[in-house]
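Both complexes shown next keep chain A, but they swap its partner, so chain B is in the first and chain C is in the second.
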Partner chain A sequence: MEAENLLEISSLCVRYPGAEATALRDVELVLKAGQITCVIGESGSGKSTLFHSILQLPGRVEITQGSVRFRGNDLKAMPKQRLRELRGKGIGAVFQEPGASLDPIRPIRRQFYETLRAHDAAVTVRKAEEKAEEILRALEFSDPHRILKSCPAQLSGGMNQRVAIALAMAPEPDILLCDEPTSALDVTVQAQIVEELMRLRETFGTCILLITHNMGVVAKMADHVAVMYGGRIVEYGPRKDVLHAPAHPYTRALMEAIPTLDGRTPKGIPGRRPDVFPEKGCAFAPRCRMSCKECETRGMIRHTISGDHWTLCPEEVNRGD
Partner chain B sequence: MAGKMERLGQHAVLRYVLRRLLSLIPVLLGVTLLTYALMYLSPKDPVEMMLQAQGTAPSVDVVEAMRRQLGLDRPFIVQYLDWLGHFIRGDMGRSYVDGASVADKLLTALPNTLKLTAASVVVTAVLSVPLGILTAVYRGKTADRIIRFLSFIGNSLPNYIVSLGLLYFFALKLGWFPVLSSRSVISLVLPTLALAIPMTGKYIRQVRAAVLEQLHKPYVDGAVARGLKTRTILFRDVLRNAMITIVTLMSMSVGSLLGGTAAIEMIFVLPGLGYMVTNAVTVRDYPVIQGFVVWMSVIYVVINLLTDISYYYMDPRVSAGMGVE
Partner chain C sequence: MTEPVLDVRNVTKTFRERGGRRLRALDGVSLTVSAGECVGVVGESGCGKSTLARVITRLILPDSGSVRFCGTEMTELRGGKLRSAYRNMKMIFQEPRSSFDPRLNIGTSIREALRPVVRGKKEQDEQIARLLLSVGLEERFADAYPGQMSGGECQRAAIARAIAQRPKLLICDEATSALDVSVQAQVVELLDQIRRETGISFLFISHDLALVSSFCDRVYVLCGGRVAEHGATLRVIREPREEYTKRLIGSVLTM
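On to the complex of A and B.
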């Protein structure tokens, strides 16, 4: 059975308020129920912009073209009140900085209560605490009571990030957006958080959009992978296809840049990421080994490799002919 | 288990309070010695000034006799130790000018100062906290601009100018309030306003800045992302966090107000500590000045202590630092 399309992003162009340059160009992405989609790419490739385009915090990004639809409803056209209800309940978010999304001086149990209360006026303090405990237990916190009584200022970064995930999950959102939730944490905590996110998907069937730098995380978690460069998704497809048969030169370069334990020296991507990407043509062309003259003017269209695996670069497609 | 934790917490606070109160001793020694030294070094002689004030032409014999009588002929350090010895036994000495006990003088002056401090701080808080929040939330909007303009004017006016303005309009022209103070509550209104208006001007800006700072904190994004209502975020999270800053600033104002407000006390004829100490300094009335300095030291240490204790209840980071967790 085909899973339901929870979130549909189509032809999305986005810029930062007051800025001229377009931060996202013609982004096309579908998130299906129960699936984990990982977004990878260098810093500045537009990953966090994508996160904010979906979350729609006031004043962050400005949609200039296209749409983000949640269950068919355009977020841009949604009244403020509905958007507020959607945040948390429909779309939850986990931020990069561990615990920064938590009020440092409010006991965590109060933050659970307020979050649940925001979506259900009938929630009592007791009910909220029961629910919070249930979630913390499901996420295998060793001492939920102590955690709930503490304030974030009293807990470690890793613990706070786990609490932030639990708190985002409290209203049982359909989609959980995670913006590099592990990059500020040490490796053992990273692994723990990856496990937790996987368990969330199993337990609650949550659809997860995970932005990450970490290819290991992608290899372990992703159902689908979106590779971003210069504000565009340059390649998208099932994990296996993208990781094992990358079709865009940028994806291949990213793969080669991963350090491995077999002694192979990782290759960096030549050149520097420009601060402003060209309006026309392929943004990666100046750093690409395969680029030709046409690349700089070429229209960016999606070339299907197979099934739902596609790339913006025609090179692989042509080679296959 | 929870009860035990609570008790542990109480003990830690108590120990902390005791430790802080002990720190009062070196503070008092240092401050009183310093004031004594400064007064000793100042060129005017208390005996001459006293005699001049009485209209007597100070002859050398009379001056010498009086200096001996007051013990002012002894070396500076002996005078100080003498004062200290009496102070430890609970005797703050007597005024050179009228022979009244310093403790009595302080106690007589205190009520007016306390009344003015309490009233003006309450009025300031009641006005500036809501207005500060309003300006922060509606930043850049008309309400913000108007309130900030008014607060700028209030902040720029010295309180004695405000006093004169208030007296002119509300006492002289309109006759709503008495010009001279009586013991009634109504006579406190104008001096309270004279103190509160400039302070409110200052505090609106402080509250606005504190709230704005908090509004830009990432936990606000987090709360919005969880779907919390703006009102909940503002009153449950932002304001609590901002309060820590605001309480700190307010406590400093309380400290300085408790030292008396000489100008206001004189204009409204409400003789308090400010009035008392200004007079004492003019005639080099050492015992009274020393008494005042002791009072101020105690006030500052106690206010700081109370402020820190309030952190304990407002900010878990502080309670963790006190060794409670």
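On to the complex of A and C.
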């Protein structure tokens, strides 16, 4: 049976409130139940804007075209109250800095209580604690009691990030959004968090959207990968296809820029990223090895590589691969 | 045999934490960098990487041990002698923007580094343009302020300033960690090119083992203030001898 479409983003165009320039253009993405989708791209490519478009936090982004639908309901048309219910219970979020979602001087058990209470007025302190312990055990915390009694300020950054993930999972969201959850952490802690997120999907069947610039994390976790550049998703497909047979010139160049353990010198991508994303044509064209003059003026269309692996390139371009 | 450019022997440094507890940040660390060599130091946060850099640059004094740089004992230098030692030892930091004065344009910042070695404004101007060009920046960046530049451009400018006096040793403390991968790769390519063209020695401090493997001849793995293992980079990665190194390599997520 086909997995259910939990979140459908279609022809989404977004800008920042008060700004003219478009931050996201024609973004299409479907998140299916139980799947892990990784969004990869460099700073300024629109990853976090996408994150905010899904979370719909007030004042962050303005949808100018297209839609984000959760279980068929358009988030833009949703009343504020329902959106608030949806955040947390339907869509949970974990941010790069664990400090951003935790109160440093409030015991963690209290924060579990408040989170659960916000979605269910009948929750008691006792019940919240039981629930918290259950989740911490599922995530294999060695000493849940000690953690629940502690304040985030007493714990390490890695431990706090694990707590932030557990806390986001407490209301049992259908989708967990993670914005660079491992970037601020050491490699060994990072590996642990990746393991944990995978286990979480196994246990709860949670659909995960993970934003990262770390290809290693993608290689380990993703079912599907979306590559972003200049406010667009320029390539999308199953992990194996995108990582091992990248189609978009940007994805290919990105792969060569990643340092590996074999001593190969990573190759930089010449030029710099665009400050303003072009209205028409390809934002990567000025840095692209394969581009021609027309790339900067032609409309962008999807070229299907195979199955659901596609890449976005200017129309009528002979991609010559 | 010629003396190494940098010879760190048995350096120990203890900090006193609040509450009187002692934290041994460096515990008998020894390390050498020969002329033209590129040496990596890897380890996780809290392993002592940055303390080591600060001891080598004499920003802090060690409790015991010696730091010999070009034959001079750094821990004993003061005043003018220390300043002249600094001419041969430059450092590049993690945050490119915060290493520049935000109110000075890049040209002025580089001029300050040039002043002791190049006299005359015209000569300095020429030299600034040449330096910028050598790190892949156009001449116009001399008039730019750090806030107007991207992280990668700023880090290039920091490199230009660092090599202005032709140092013998360049210490990079997480110099590319704040950059995007494609920009990081550009900067590593640049450092590699500088190294080949000038023969400057590098001490490359990073948490990223993969990055170190692409750039360094030898590597020291630091753990809890001690050198857990050291050797030729590819040897250490392919045949790690210590448990800690194995764990560190195992946790690098590869493609």
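The rule is short, and it goes like this: the second predicted complex is superposed on the first by the 313 of 321 C-alpha atoms of A that agree within 3 Å, B and C clash if a C-alpha of one lies under 4 Å from a C-alpha of the other, contacts with A are read in each partner's own complex, and residues count from 1 in each chain.
Following the convention adopted for this analysis, a contact is a pair of C-beta atoms (placed from the backbone, for glycine too) under 8 Å apart; a residue touches a chain by one contact, two chains touch by 3 or more.
Here the structure is a predicted model, which means the values were calculated and not measured.
Asker: For the combined arrangement obtained by superposing on chain A, do chain B and chain C clash, or do they fit?
Answerer: On the superposed model, which is not a single observed complex, chain B and chain C fit side by side.
Asker: If you stack the two complexes on chain A, which partner ends up touching A:P171: first (chain B), second (chain C), both, or neither?
Answerer: After superposing on A, A:P171 lies in contact with chain B but is clear of chain C.
Asker: After lining up the shared chain so the two structures overlap, which partner does A:L254 touch, if you call chain B first and chain C second: first, second, both or neither?
Answerer: A:L254: touches chain C, not chain B.
Asker: Looking at A:K127 after the superposition, I want to know if it touches chain B, chain C, both of them or none. Which is it: first, second, both, neither?
Answerer: Neither partner.
Asker: With the two complexes overlaid on chain A, check the angle at chain A between chain B and chain C, Cα centres, nearest 10°.
Answerer: Computed from the C-alpha centres, it is 70 degrees.
Asker: Just chain B (first), just chain C (second), both, or neither: which does A:G92 touch?
Answerer: first
Asker: Once chain A of both complexes is superposed, is A:K220 in touch with chain B (first), chain C (second), both, or neither?
Answerer: A:K220 sits against chain C, while chain B stays out of touch.
Asker: Figure out whether A:A191 sits in contact with chain B (first) or chain C (second), or with both, or with neither.
Answerer: Touch status of A:A191: second partner only.
Asker: With the two complexes superposed on chain A, say which partner A:R298 touches: chain B (first), chain C (second), both, or neither.
Answerer: It touches nothing on chain B or chain C.
Asker: When the two structures are overlaid on chain A, which partner does A:T265 contact: first (chain B), second (chain C), both, or neither?
Answerer: second
Asker: Could you tell me how near the closest CA atoms of chain B and chain C get once both structures are overlaid on the shared chain, in Å?
Answerer: It is 7 Å, taken between the nearest C-alpha atoms.
Asker: Show me the chain A residues, by the header's touch rule, that chain B contacts in one structure and chain C contacts in the other.
Answerer: None.
Asker: Once bound in the complex, which stretches of chain C touch chain A?
Answerer: Those in contact with chain A are residues 44-45, 150, 152-153, 180-189, 192, 207-211, 213-215, 233-234, 237, 247-255.
Asker: If you look only at chain A, which of its residues touch chain B in the complex?
Answerer: It comes out as residues 55, 57-58, 84-89, 92-93, 95, 97, 100-107, 110, 114-115, 117-119, 150-151, 153-154, 164, 167-168, 170-171.
Asker: Residue numbers of chain B touching chain A in their complex, please.
Answerer: 217-219, 221-229, 232, 236-237, 240-241, 244, 314-317, 320, 325
Asker: For chain A, which residues count as touching chain C in their complex?
Answerer: Listed in rising order, the residues are 42-43, 186-188, 190-191, 194, 213-217, 219-220, 243, 253-270, 272-273.
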